[in-house]
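Pasting in a structure now, in structure tokens, and then I'll have a few things to ask.
Naming follows writing order (A, B, C and D), and every chain is counted from residue 1.
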Amino acid sequence: MKIGLIGLGRIGQVHLESLGAIEGVEVVCVSDIDENLCQKTVHKFNIPKYTLTYEDLVSDPEVQAVWVCSPSNLHYTHVTASLINNKPVFCEKPLEIDSKKIQQLIDQYPDINKRLMVGFNRRFDPNFSFVKSNLQKIGKPTILKITSRDPQPPPIDYIKTSGGIFMDMTIHDFDMASFMVGAKPISIFATGAVNYNPAFTGIDIDTALITIKFENGVVCNIDNSRKCAYGYDQRLELLGDQGMLSVENGKVHQASLFNSTGLQSALCKDFFIDRYIQAYSIENQTFIQCAQKNIEFTVTAKDALIALQLAQAANLSLKQNKVIHLND
Amino acid sequence: MKIGLIGLGRIGQVHLESLGAIEGVEVVCVSDIDENLCQKTVHKFNIPKYTLTYEDLVSDPEVQAVWVCSPSNLHYTHVTASLINNKPVFCEKPLEIDSKKIQQLIDQYPDINKRLMVGFNRRFDPNFSFVKSNLQKIGKPTILKITSRDPQPPPIDYIKTSGGIFMDMTIHDFDMASFMVGAKPISIFATGAVNYNPAFTGIDIDTALITIKFENGVVCNIDNSRKCAYGYDQRLELLGDQGMLSVENGKVHQASLFNSTGLQSALCKDFFIDRYIQAYSIENQTFIQCAQKNIEFTVTAKDALIALQLAQAANLSLKQNKVIHLND
Amino acid sequence: MKIGLIGLGRIGQVHLESLGAIEGVEVVCVSDIDENLCQKTVHKFNIPKYTLTYEDLVSDPEVQAVWVCSPSNLHYTHVTASLINNKPVFCEKPLEIDSKKIQQLIDQYPDINKRLMVGFNRRFDPNFSFVKSNLQKIGKPTILKITSRDPQPPPIDYIKTSGGIFMDMTIHDFDMASFMVGAKPISIFATGAVNYNPAFTGIDIDTALITIKFENGVVCNIDNSRKCAYGYDQRLELLGDQGMLSVENGKVHQASLFNSTGLQSALCKDFFIDRYIQAYSIENQTFIQCAQKNIEFTVTAKDALIALQLAQAANLSLKQNKVIHLND
Amino acid sequence: MKIGLIGLGRIGQVHLESLGAIEGVEVVCVSDIDENLCQKTVHKFNIPKYTLTYEDLVSDPEVQAVWVCSPSNLHYTHVTASLINNKPVFCEKPLEIDSKKIQQLIDQYPDINKRLMVGFNRRFDPNFSFVKSNLQKIGKPTILKITSRDPQPPPIDYIKTSGGIFMDMTIHDFDMASFMVGAKPISIFATGAVNYNPAFTGIDIDTALITIKFENGVVCNIDNSRKCAYGYDQRLELLGDQGMLSVENGKVHQASLFNSTGLQSALCKDFFIDRYIQAYSIENQTFIQCAQKNIEFTVTAKDALIALQLAQAANLSLKQNKVIHLND
């Protein structure tokens, strides 16, 4: 499969690295408005050509599928351009922050699930997918808990434009909750505080607890922190009436020291790319397999819409300090 | 110290076992309305006498301190009788379910903290007390998570009179949250579902998530389940800006089997007495030390009141499906 | 069952504590040459009588079974006196350090296995007995590794008379190896060094590695250290062609601290009585059940002989620095 | 640095993958007698040229350093050819199985440590190097235990020519022991059995225990198994008088299932390349850094000689069933 990739920033580089290791895949063109970055990238990854405009890439007859890794506010534009050119498209999250636009895509393309895959990479993490594929072992699911904590808060400038913690960080956890529970959320309550950097006050929170109730009786708690001294903390547990599935953090190494003061061992990874490097690779392979077999992608525009609606409802809940009921 | 103990049911027997192993402690009298039980108990523990009425016990000049292990609805009566007789008194939880009565005790006895200790035994568990005594190591606390799950649901008859899951089960977790955070709770939201036994519907829930916000910025999640296939699950984690303290469940043994299908190891304990046997012992020793030194007990009527108010607010939150604000 | 116990030192007290908690068991008499110790002990455990001579105890018609907890050099005398009086007898390890005397007992009493149980307590530890009872899950056993390390070296005076590390410490591990493998040992090699206290030089070693080959193809390594900074280290692993069974040390508590320097957790227990408290209780219950059913005890004079012969061969191997072949 | 690599089999491919990811490194030529393999390899890794004879590669003026990944019996020839051409050379283990030839190299090149690095890759594993770099934290080292078990026995044809388990498998552990202890070994005892495949009988063993005593008082046990149902088991522990450093196996994932029968979790990796992928990369980076700075390599011909001599002594010990004393 011959691929074109738009957007050569950090996440674009991650995908190029990942795509380069997949048999039978060739990145034939990349696009970015920064020509210098284009030149360095094609040299590094041995890519035959680059373009400075996304239009040239999506319309290039050699390009069979498009990866959208551009800044978030351009995702929708780049996705629709790909769709218009009849190219299956992978779009990094978030697909779009205006839910109406996502709904439009869904309405406009009845086969959108075969055309567009959204980059909720964590679904492809081998730990989380182990849980998903072993759900039948715990019987009826009842309590889902998701822990998601970043090592360090982002700069205040990022905070001002990110759309808030629920939109920039919890969005992954909203998708994970939907993925695991597979039922309709009926209400949400979100609370939080500014605990790490007083400069966030009035702009965003840096510590959050979110409670979601699903119509199948599952209650879900998500906890988020923008700071985590011991690394990038990404855990999950799902209780059922017959047992529990859990995902713990791995450790950076398996060496330990035992002495008279206790046992000291290593921490979890400190960076999302280290933690999810396998997930990006499996995500990309999944896109390629679905596209080649012409079957529906496993993460759809509908999934993006559900996560977005949960984030919007969480924002409203936080603002009004009340429970928000979710309707169809 | 010479002790009298009222109530010879299961928890009374636990305290007798525990008190019997403490140097310098002698149980000189027990009381229960069941004479047969009294006889068996004094024989088993080699106790010199028993009474069928609590009045005889609390007024017995030989009795220097009273343990109240009677049914919950009699706690208040037995406690006040002990106080009137100027005997320091240990009362199993709950002290009382009418918060006004607790307030009355507090108002009536300015030195109530030297007179009455309440049995929130989990505070004395070596794991949880390790966390409490190492709080300074994690800096400013930010997120507290408490997991508390019972192996099996109680009988439906118990449910009908228990006061509900928040009053009979979460009450321990409310106290644990107050103990760990040490700040005023400002709001609470509780939700849940009936997941295990449809017969509970309309009477109580069996799965719960509770969110408490404290005025120092800590947000707390409690999850409860009345069923837990893998045992009695009692965990806690407290995140701070410098690190995290956590308590995991121990295992019933340390043997494991590795084979081609994976690693199989043992479960946590299955019963609250097994899990907290050390806690009961330390609790009793703490009472005796405080009484002998005439210093304030470490779990007070005020603590019982705080936990009770949180349980009442949680009930209201569940009923109204809204956030409850807590006032002074 | 009415029990008489000889020897009121540390291990005698452990057994009295353990026996006191077993239903249907009554210690009716204790014996020690120290009358003061006798008096304190009968007071503490509410025992009706004591004697200053073991002869009075073993011949007391009320005594139905005898526990020998006296100093090692008196074990044989106290055991034979019990046997002559037709009392089933439990003897703390070592039964005797002269292998001929053990052989004599075996020859003299064809039903010695119903008369005498030897106190290799570790066999009754729930962890090790889990391994023993799950052996079929690992197929043909191939490699056994036993780690056994004491927290602190004993005083030099003890070393001078202990019979050496193999006799005073490894003897437990020799029995464990025999217990787990259940086959004839065919050769042994022992080596070691003085690593902790130069005063041991020429008297004993404080660090040892022992290799035993069994006729069923199992090779076994035992490592011993008389010092262990992190506590009392007692582990085992048994590899088979279908898997591995292992026993790890438990931790003194389950609380941990995660911070930017790593994860700090608790150590294993530091003292053999803490580590094996359950084992002593199960051991005593096993004796009582076997005696009541008049069936063979599970740890026999033959077992004591095998462990002793391994210790003697290890001493010879160390002295001559060569492999010792074990004959029938 | 411009590199030439000889030998395009499995381990050669591992090194090419690893070298390809190091900044500033370019593989400019590869060599193998299989032209088809050469063509596929240069295509896959985008390498400008290949040769069918190693002479052309080592004498190529563009080649600045040589990687010898050829079959073991050719290592010495390819190393000496590189040395004659004044190229720093990395040689996969074993350097050579004739210890005299290694001694010759050492004698002939006084600066051999700047010219030749030997591929004991496990030294570069982050877990083992953590232990090595934290040795000062455990005080005087006393007991070293190394566990090294392969998932499946090799084919019988391999066994016939491999030189035996000590030469083909334990050689890594002998180097690890020397690396960790850093003292002169004074004696060795090796034993073992055929436990998995009777066809090995008389040719080789498949289960081994090796005991090495070092002149600094450290005693070392190595256990090897050619079969391991639960994966590729690579562990180590080093006891000292102040504590213990240990390396456990990692797990392939961090998801677990808790149910009423216990806790089930994942196994360790199953293949040496998966387990040591990081080690190969760090090994290669280390070579390049040493070569560029013109400093001594960290794994030398002397190290290869020590490991080889231990393997030879182990063979002798097994054959004669006795302790072998090691002289200078």
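Going forward, contacts are C-beta pairs under 8 Å (C-beta built on N, C-alpha and C of every residue); 3 or more make two chains touch, one makes a residue touch a chain.
Source: prediction; values computed, not measured.
Undergrad: Centre-to-centre on C-alpha atoms, which chain is most distant from chain A?
TA: Result for the farthest chain: C.
Undergrad: Tell me which of C-D and A-D has more C-beta pairs in contact.
TA: Ranking C-D and A-D by C-beta contacts puts C-D first.
Undergrad: Chain B to chain D: how many Å between their CA centres?
TA: 57
Undergrad: Please tell me the distance, in whole Å, between the geometric centres of chain A and chain D computed from their C-alpha atoms.
TA: 40
Undergrad: Do you know which chain C residues sit against two or more other chains?
TA: If we look for residues of chain C contacting two or more partner chains, we find 138, 229-230, 242-244, 251, 258-260.
Undergrad: Provide the residue numbers of chain C that touch chain A in the complex, in ascending order.
TA: 229-230, 251, 258-267
Undergrad: Write out the stretch or stretches of chain C touching chain D in their complex.
TA: Per the touch definition, chain C meets chain D at residues 138-140, 142-143, 145, 147, 149, 187, 189, 191-196, 207-209, 211, 213, 217-221, 223, 225, 227-230, 239-244, 321-323.
Undergrad: Name, in rising order, each residue of chain B that touches chain C in their complex.
TA: These residues of chain B touch chain C: 46, 126-128, 130-131, 134, 137-138, 242-260.
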